[in-house]
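Some structures to go through are shown next.
Two complexes, one shared chain (chain A), two partners (chain B, chain C).
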Partner chain A sequence: MSTIESRPPAPTPATVAADAGRARGRPPKGFDRPRFLKLFMGVFFLFLFAPIVLVVLFSFNSSRSLQDFQGFSTRWYETFFDSESLRDSLIASLQIALITMVIATILGTLLAYGLVRARTRVSGGLNMLMLVPLVTPEIVAGASALLLFTQVKLELSLTTIILAHITFSISYVTVVVRARLAQLSREVEDASMDLGATRLQTFRLITLPALWPAVLAAGLLVFALSFDDFVLSFFTTGESPQPLPVRIWTQIRFGVRPTINAIGTFMLVISILSIGLALLLPRLFGRRESGLKVLLGREGA
Partner chain B sequence: MSAIRFDAVTKRFGETVAVDALDLEIEKGEFFSLLGPSGCGKTTTLRMVAGFEQPSGGHIYLDGEPVEAVPPYKRNVNTVFQSYALFEHLSVEDNVAFGLKRRRVASDEIRSRVAEALELVELHGREKSRPRELSGGQKQRVALARALVNRPAVLLLDEPLGALDLKLRKQMQVELKGIQREVGITFLYVTHDQEEALAMSDRIAVMEDGEVKQCGTPEEVYEQPSGAFVAGFIGISNLLAGVVQDGGVRLASGATCVADLPDDCGQGSEVHLSVRPEKIWLDELEDGMISLDGTIIERVYVGTTTQVIVELGPGMRVTALEQNTARAHSDDRWQIGDRVRLGWHPEHARVLR
Partner chain C sequence: MTEKRFASLFLVPGGVWLLLLFVTPLVFLLAISFGYTDDLGEAIYSTRLGNYERLVDPDYLPVLFRSVGFAFAAVALCLLIGYPVAYYIAIFGGRWKNVLIALVVLPFFVNYLIRTYAWIAMLGDDGLVNGLLNTDVRFLNTPYAVIGGLVYGFLAFMILPVYAALDRMDPSLIEAGKDLYGGPWQTFRHVTWPHTIQGVLAGSVLVFLPAVGDFVSASLLGGPGEVMVGNLIQQQFQASDNWPFGAALTVAMMAFLMIFMLLYLRAAARETREATA
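Here is the complex of A and B:
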């Protein structure tokens, strides 16, 4: 590696003294942070965001071209919303994401509560089992879900997609909520019961308000995951209406049309909105910690 | 009728016995401490009174009524937790009002009682604060107010001062004792801090391995420890091994000390002689005192006192405490390596089995 060879020679006592004199004015730069890292970072972000920016840009192109930007127009958005089948797909996707969010959040929160609070020897094993969906290749999850639904003769429809999405999402909710719950001292719940609240009142008045930011963040995360999920949906979808990502894929097979850009941009906005809400809402509720910290499990106690 | 009565209460967690056939009676209005090292079962005992744990055997009576079938939220006791366990999403005021609201007390009365409780713990003016904005000592006061405002028959305190720094802890000890006297509620206090227990309690039960080793006033457990464990756990104690001989104790060093022997100590039985360091005199002894010779091997100056460690024989060391009053300057009087004569009045030594 040329960067290693081009490093300055090891400092002798004399140069150390000279460096120390200079360092008082400005800290030595580029010694422990090679300059190529900045370049690397720049390239990384370029590859990450350039395609997205292009999609957004060309969604407003006035011509069919995917190469030349010829003028601003919203015609592809109009085509998108005018197409009944695309509109149905959008509504289907929103339905799937909403229902998945609500049910997975409730079940995942209850699961987290059970795993953290239940005094059982198997909860350690259960904790591991619960992580399995997070590492299972989605294609395996999709194929096995399809297998299951055909085995029990469940007709593929929105219901099957939702079932598959919920199963897949519960783990995410549980992981996020569990981290928060583990920080909530059991003594706080004891204190509530000690002061005359029943078990149910304690959950409603004490536990849930403390978990609220995590539950909210987890729910919106699930919404975003479910809304743009392709693999699971592809395996478990019925004929019609198909969720939007599957619908786009079907269309692309017959050639890429600029409408795709408009749909893509639209989905991007919805995903960013839900993630943004997940990050912001806990703040609006007067919590010091942001949703990001909740998601990453890094909040202060 | 006693405020709390334990009747052969046992608690097992799987194989381990946390509390073993506990019999205790705690009087109304008493400041009663359960004192012991961690894992001795004192917190488990407290949690059984609160209702968070069910006894595996025996009965607990509150005001003469058995409470096994009563869930925690219906027991007329309140707890102050070691971690404070405040409700972070509620203001100080709402924390304190929580118990009253659950009992559907009228809102006017809630307001006045909350104000009164915050006044008692000197937290007026902080009603709207959130727990996270308070210092450790203030949180502790909120926890206390939150429990006291319900006027429970018994207040349970689980090492409530454990998380505070030394100075604040001393200050809170005095305040807590004052508050207890003022409200007249029975306090059941759990601590591993012997000084704290001695300073505050009317009576202390010293626990080890789920059993009460001794129960009595602070003076009783300090001056007349029932066994080696109590003597060693409360304060510093010199425990000298020996055997009973001719109405006294013959120490391993060969010297024989006159001492009051318990009835069950026959000739030749192995015992420990326990003497408190402050009861040991150096040099100028009085008539009738036990007198032993030794060599000073260490001198530790700790401000008001100086600890002098004297070796009586191989492996036999005695700690003596010398007051650093205006009249005494132990620094000038003894050097490490000096031969010294030490002694104590026979009534200050306890023979422990």
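Here is the complex of A and C:
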């Protein structure tokens, strides 16, 4: 199998035609394009976006109703921003996300470099450990973090939320940065050392600049994840200020309220801005690759 | 300093952090699960098995089975919906591939609570759908609503790995299948599906793990008959304040999920080794 795959196939008329089709952006010939699949995609995107469009639309409704739109108004946004406690929650959420982003990005980037370049028995074990948070249900993380904080008598506050968020963000950064690191050619680093740079100088002047797009993209991803996180915050939050998602939870439990639409829309804008920026980053750095590929790394998870 | 020594230093901050704030809490969790609460409601460490015996109590056992059942149903639905979507984008996406994938991922950066809440607004007894159709269907507080919430919550975790697998596949393999007189179904069954099975498995695990532990969907879209293990854990740690029992529930859930986690981790580690070798 491998010998067949490693050799480039001889260009038969069929593959030539297929390549030509691909080059023009059309799917290669010989593929079915069942019409039902197109229909399916339409229904899928409707199902995917209808609830979100609903939230955004009704955040501008002038009445309390969630069934009929009675005119444009920004009253629910005014309710949101006029409430001092909701404003405090918004600021708290932003603080948590920012601090989490900075610390997790630093820790995750260093870890990625160590994992790729050290290759000792310790790094092998750490590689496994690093992946575990990615597949641990959040409730486990939340409950165990809560337990730890009470055991060491750390009062629940924004600090405890941030500690929990960082713990679960490191792995995302490491995965994204490591994928980028694995693609870098070692020769430039070797050349730098040949020219008399120390290892630290080489890391700072050669490796890190090449990693920047991935590092920043990972940071923005962490910002969005932390800003949106509910479960970890819910378990580790103090009395006040509570981050926005925890406030939303309390409000939803009291029933459907139009203010939630406004808060939701506002959070959506912030998340989409940070993710959009992450996707555009490689272009800003003058690279022609897709930001999505950088973010998803090679592991796709 | 050798490169190994130099690079090993970089492992220290992140490694220590994960040991202190990820591994240690899990050890505490395991330890307290053998404990009990005294008359003041204080959690006391001990070596009792009572919390684990309570798991098979008729009050709790059905909840555990239900959680697994709901999660499996969510995985099946995610696969049923996600595979065709990933297939369409990977094979027919052309230069819109990245845009389409970004569109698929986008909703998952809308807060999970808000997305679930939107379904309440749409499907509630006096929600949008019942209003538009002038019907009186009870959507919420049913198992379907909870499973639907899980699907809507975690669908991207299925689509991304399946898409990655399909995208990696050489399209001429499908042509080869057709050249060998395979019909669309045969070609799919013997060529496409086997080539993407790793992505399907990864996606299934990535949906299954958070779905089993979820409590948001069941809390907001379900009624008392749809309680999942996540709800029990959350109650024990908050309202009921019985941390040892909550810990036992969590440990039992983790133990069950461990098989699936290991499966995924082994595949992920192998892939990284290949990618970074």
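We take it that the second predicted complex is superposed on the first by the 264 of 301 C-alpha atoms of A that agree within 3 Å, B and C clash if a C-alpha of one lies under 4 Å from a C-alpha of the other, contacts with A are read in each partner's own complex, and residues count from 1 in each chain.
Following the convention adopted for this analysis, a contact is a pair of C-beta atoms (placed from the backbone, for glycine too) under 8 Å apart; a residue touches a chain by one contact, two chains touch by 3 or more.
All values reported here derive from a predicted model rather than from experimental measurement.
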Clash or fit (per the criteria above) of chain B with chain C on chain A: fit
If touched residues of chain A are counted for chain B and for chain C, the larger one: C
First (chain B), second (chain C), both or neither touched by A:Leu195: first
Partner chain in contact with A:Glu187 - chain B first, chain C second, else both or neither: first
First (chain B), second (chain C), both or neither touched by A:Ala224: second
Chain B versus chain C as contact partner of A:Glu84, first or second or both or neither: neither
Partner chain in contact with A:Pro209 - chain B first, chain C second, else both or neither: first
Touching partner for A:Glu239 - first (chain B), second (chain C), both, neither: neither
Shortest CA-CA distance in Å separating chain B from chain C in the superposed model: 7
Complex contacts: residues of chain C adjacent to chain A: 1, 3-4, 6-15, 17-19, 21-26, 28-29, 32, 81, 84-85, 87-88, 91-92, 94-95, 98, 101-107, 109-115, 117-122, 124, 126-128, 131, 152, 155, 157, 160-161, 163-164, 170-172, 174-175, 178-179, 184, 199, 202, 205-206, 209-210, 212-216, 219-220, 230, 233-234, 237, 243, 246-247, 250, 253-254, 257, 261, 264-265, 268-269, 271-272, 275-276
Complex contacts: residues of chain A adjacent to chain C: 5, 9, 14-15, 18, 25-28, 30-34, 37-38, 40-41, 44-45, 47-52, 54-55, 58, 66-68, 106-108, 110-111, 113-120, 122-123, 126-133, 135-141, 143-148, 151, 163-164, 166-167, 170, 174, 178-179, 181-182, 199-200, 224, 228, 230-231, 235, 245, 248-249, 252-253, 256, 260, 263-264, 267-268, 271-272, 275, 279, 290, 292, 296, 298-301
Touch list for chain A against partner chain B, complex: 185, 187-188, 190-198, 201, 206, 209-210, 288
List of chain B residues in touch with chain A within their complex: 50-52, 71-74, 77-79, 81-83, 85-89, 98-99, 102-103, 132, 146-147, 150
